[in-house]
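Next up, some structures in structure tokens.
Paired with chain B in one complex and with chain C in the other, chain A is shared by the two complexes that follow.
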Partner chain A sequence: MRREPNVSRVPVSVRRVPGTFYILIIMISLASITIPGFGTVSNLLNILLQGSFLAIVACGATLAIISSGIDLSVGTVLSLSGVVTGLALHAGIPIALAILSGVLTGLICGIITGSLVAFVGLEPFIATFGMMSMAQGLGLVLSNGASIPGFQESFRWFGEGVVWKVPVPLIIALVIVACIWWLLRHTRLGLYIYAIGGSEEVAGWSGIEVGRCKLALYSISGCLAGIAGVLLAARMNSGHPTVGVGWEMDAIASVVIGGTPLTGGRGGVIGTMVGVAIVSVLRNILNMLRLSSPWQITLIGAIVVIAIGLDILLRRWRLALEG
Partner chain B sequence: MGDGPLLKMVGITKEFPGVKALKGVDFELRAGEVHVLVGENGAGKSTLMKILSGVYRPDSGRILINGKEVQITSPRKAQESGIATIYQEFNLIPYLSIVQNIFLGRELMTNTAIPRMNYREMRVKAKELLDSLGIQISPDTLVKDLSMAQRQMIEVAKALSLEARILIMDEPTSALTSREIEHLFDIVRALKASGMGIIYISHRLEEIERIGDRVTVLRDGEVIGTKDVSGLSTEELITMMVGREIGDLFPRERVSKGEVALKVEHLSRRNVVKDVSLEVHYGEIVGLAGLVGSGRTELARLIFGADRFDHGEIVISGRRVKGDHNPSASVRSGLSFLPEDRKEQGLCLSLSVANNVILASLRRLFPHRITSPRREMNVTLDYVRKLRIAIPSPFRAVKSLSGGNQQKVVLAKWLCTQSKVFIFDEPTRGIDVAAKAEIHGLMNELAEQGAAILMISSELPEILGMSDRIYVMHEGRIVKEFTRDEATQEEILRYAMGGVGGAA
Partner chain C sequence: MYQRSQQIQTLTHNEISKGVATEVFGGSGSRFLLLVGLIVVLSFIAPNFLSLNNFINVFRQASLLLIMSIGMTLVILTGRGGIDLSIGSVLALSSCMAASALKAGLPVTVSIIIGLSIGALCGLVNGALVTMVGLPAFIATFGMMQIARGAVLLYMKGAIIYGFSPAFRFIGAGHLFGLPMPVIVAGVLFAVFTFVLYRTPFGKEVYAIGANRIAAELSGVRVNRVLLTVYTISGAMAACAGLVYISRLNAAESVIGQLFELQAIAATVIGGTSFRGGEGGLIGTIAGALIITFLNNGMNLLGISSLWQLFVLGSVIVSGVTFDMYFWHRSR
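Coming up: the complex of A and B.
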């Protein structure tokens, strides 16, 4: 490909590496030195596998947050999709259709929240908060509050299988991340999501159909949560109605740590992956240190605040040096 | 081009709840002319232009382009009809690049099986547009990194890329320096020569003479008249706009000045403000002149405590400012700051007029921390009357007010604190002639009652007309002090531009 001199091919808005990337490097280095067993291939692969599910969900959260919205429903939609898939499998429906039913469940949830935001004009916080509760409740109703365990081998392959030693969920996550990256960078919808986050009014005045863009992005987010739900059910060999509790917070934290501000308009999926890595590495470290779950929750909250705080301080420091 | 007008608007009416914004307006634009639209704030200019750019629909009336009737039902429809608008608040998205902004909503896609954004072609076209406007910036620069003047040029580039035949410019020079204005005017002349029709909204009378071919005056939603600019006197124009004679634009009697109210000594911050000393006395209006970027606003922010200073000393009403200087302490010691950007820093736009007025005086009005709606209302109505703020109700959100009335609300807010020391940063930017005269009158009144005023302004007539003394800044330093009698526009400009060996 021929390149024009002078003019870089990449739009500036997606080029920068978030400052938190260095925090990730430091975390991994320190952990490799101090914690025996952290640096092994099997553990690192384990982190990647664990992070795959979060990565898929966080992609959707990235879209919502860039548009200066938010999606609180991804965690419970993930649970609901797992439950629906489990029920479908137990009912003897073919695997492909069972998977499709789980994904469609997520998509439908997304279309509902998206329509509420786009055409009724609800705040994304309210619409997705409502969906969060509805999906949770529906999951509990459908499953009678209990997990739906025991699936056939061929379905579990989607959670446990490996292709050339690479876990299947990781491959799917990588494909999805690549698609979302491409969407944000090379499609109209992607640009419009940035534009809406930058200024909804200006976007509308430029002839962009803001409502349709919002519908699309919440639908994508719901669909991704559905995919993650199906994969997680396959991985855990059960569809559990509360498996996704708190995932929306991990997803939002990943996005924000990754440098996409809650005010929207900039950021991107690469940064979010750094955020996902930080959250996943952190969970792994805390597990290896055998910290109890309540302490894990406490520490993760603290780390999120510290990581973003450090990023802001670094930026201010850099500005002070320049000015 | 045919002989008929490029654009014709006939009998346009528009009513908002409670207000008849336009009462049957006729307007006409020829190809290759700059048609200036003037009128006080609230006269209906913006409404008329928003109808033309598809933001509002008219209640009745017809719009004809090249003699053919068009329905402008949306901004997109306006674009397709060849109408482009450069709004006063720029219509650009800060974190997108120049290319992305110029083509927003009309991206070029590749012809591949899966179409994607064709940034290469868009970039080439954007570069051509920028070159044709004489701008040397990479099209990948983010808009947030551009100056106001550059953003404006990007807006022009966007209009050109739309192949617009009708360009609406809403107060295009309000944020520009005089050099940038020259450049803009050159471009406007070039566009005009290429046959574009330009509707130019402005408050600056001298611009009308310089750039306008015809001028239409709107008042209270009606057209007062359309005239050729040549042969039209300023007085005539102002009379048309306000419907009454305005006497002296800068009426003033000055009482003798009192003690020192504000004293600044050797104040410095990094390389934006360098070793500045000045004083303002009670009963005195002191002008602070200088080009945009000379450090005037930065100095005001230091004095008010919005930024920290590295060296120096500030004394407000005899009280020395300590290291932990901040706006809250400034307000308590009786200093008021009317910022340049009133929408961002002067007002809480979505709050009511009443809330905004009492916002800085809660401590004084309600010492027991419990507010009283009746007291709030009485205080507000008092200022609404005193400052002649035109509002239907004190409960109305300030964002719905015109610029002049908004500025009056900011002033009311500070008057309410009963402070005696004021810093006005560009007090009349974007405000129409009549409201301007009123603001000036109020400033004079304040000074007569013994207040000390430091006024930053880019408009030299305002500086000269209002000030007792004038400081001129250049590159962060005060390079000259004038008394009222010594100062002339030429002299101030000479110092402001660094023409006299003041700056190191």
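Coming up: the complex of A and C.
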């Protein structure tokens, strides 16, 4: 018989931090010593700004993964909502309505995937995989395969503006992360999402309306991808149909690096932010080292595998020591 | 204890035999019905669809997808999130290495063996990461996807290797008994792996692991060894598809194979293999591969813009699986 590990000796504050947090600290300290210009305020702000788009998308992915599902459609939904917003702006629709149309596009995609998962009973992988292709295809069709550039100043403020020297996307990302944290920790829906991830059957028996919760969480995920798409379009001053390719992988990698297992039921949005920080810092370091893009692709793959693998091995080792 | 494991063994054995019977005679029937429906509809609306040339063309295109989907089906059958995202990149890496071996003047057979071994090696690494380190397959194969793609980009430095010897060109562009070689390669591989999956202990172990990993382990299945083999097969199949592909194109470059993994997953899933594991099989996968290829072919013949094709592919995956769930598997 293996005893349960006695974790009460470890302080709560340490237990709550995912193991990969230390990897982040080591990465930042090494980089700021060895790479000139990494530790400057402007560069750190730059990392935060670039990370904020991924943070918004990864929040949705966290919800899906905690419920032991997955959302592969966030990247292409992001592109689609950028394209829709761009088209709306070019059609002369007021900015507020154009932004709303972009966010609504994301929400509708989320509702469709949510209904497919919740009421049709498709596996999340298949439903979101289908939505991934459909959103990509629709984005390409609507934009005719080309980017939609050039927006007015007041719209670009959402991507480039600053409030008290803090970039607007960063503020929006912080607000969203706080909301999702609150949703997971202090609302009934959050509790239900953990319960569904733990065991869907038991959740159903306990009277949780599993279908409605799933619909809600995939809708939130789609909506967040829509918001990120609008902000990214404002930042890049163009809506591009393939801008989001690969974002779902970055988002899922961030979630898993942050300590939420793909089997669901555990983890949270704070861990995901550690994951987002690792991915963003890594990209920044690779850029500052002026590594060519093949090296970047290779290293990101290797580091994702090593970070998560180390985390798993360390946990197993600790269990063996204590148990 | 011995008696109990015997019981489990007979139980899983019976369950598996039943599963195979359903798969061959009942389960994949709906896919073939879907396929026949698609062919009938297309032959009415698409010009030049119903010709021998077009069908041979479709089978040639489907054979590449089928070779990759064989590995993907085995991997997905093992369940617990089993998936191989790396096959597109592994295809590019192994076929580019084989191409440069050919260009270096090595004999065709040696080059082919080099390509296949690199693919198998990548698959073996995937399997080791999944079994020994305990990484989720999604993450391990995502890492391999990035690493293999980066490696082939670094190795090729943007160059294109073209113009292979006629002996190597034969496997992609040649004909045997009036049939294109890719179709024959895919057919032989399909026959071999169908036999392996449905008629050998190894195949039953794959199903047993997918159906219930703990029960399989208790009844003496060496789970890790089977998983290692399955991921290695998937890598080798990707390499095999890559060799046929570059032989047909008569050129190899580092960017080939992008998004091939999605096509293979789509073919497998439309073919009725479930991510829950232990359900489905290769018979359905051949229907899935043909459905996707006929659909693309039909859209091309109808002159539908390539921009729409992704949208249609997505809708077909969703509606095909939904249709299947509601009309054939309601009782499940």
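We adopt the following convention: the second predicted complex is superposed on the first by the 308 of 323 C-alpha atoms of A that agree within 3 Å, B and C clash if a C-alpha of one lies under 4 Å from a C-alpha of the other, contacts with A are read in each partner's own complex, and residues count from 1 in each chain.
Here is the rule we use: a contact is a pair of C-beta atoms (placed from the backbone, for glycine too) under 8 Å apart; a residue touches a chain by one contact, two chains touch by 3 or more.
It should be emphasised that the depicted structure is a prediction, and the values quoted were computed from it without experimental measurement.
Once the two complexes are laid over each other on the shared chain, residue contacts for A:195 go to chain B alone; chain C is not touched.
Number of chain A residues touched is higher for C, counting chain B against chain C.
Contacts of A:207 after superposition on the shared chain: chain B is touched, whereas chain C is not.
Look at A:42: by the touch rule set out above, it reaches neither chain B nor chain C.
In the superposition on chain A, contact is made by A:265 with chain B only, not with chain C. Shared contact residues of chain A, touching chain B in one structure and chain C in the other, are absent. Taken together, the chain A residues at the contact with chain B in this complex read 4, 6-9, 11-13, 182, 185-188, 191, 194-195, 198-199, 202-208, 265-266, 323.
Residue ranges on chain C touching chain A, taken from their complex, read 81, 129, 133-136, 138-140, 142-147, 149-151, 153-154, 262, 265-266, 269, 274-276, 305, 307-315, 317-318, 321-322, 325. Interface residues of chain A facing chain C in the complex, by the touch rule stated above, are 70, 116, 120-123, 125-127, 129-138, 140-141, 144-145, 249, 252-253, 256, 261-263, 293-302, 304-305, 308-309, 312-313, 316. By the touch criterion stated above, chain B contacts chain A in their complex at residues 53, 55, 74-76, 79, 91-97, 99-100, 104-107, 109, 116-117, 119-120, 123-124, 127, 138-142, 270.
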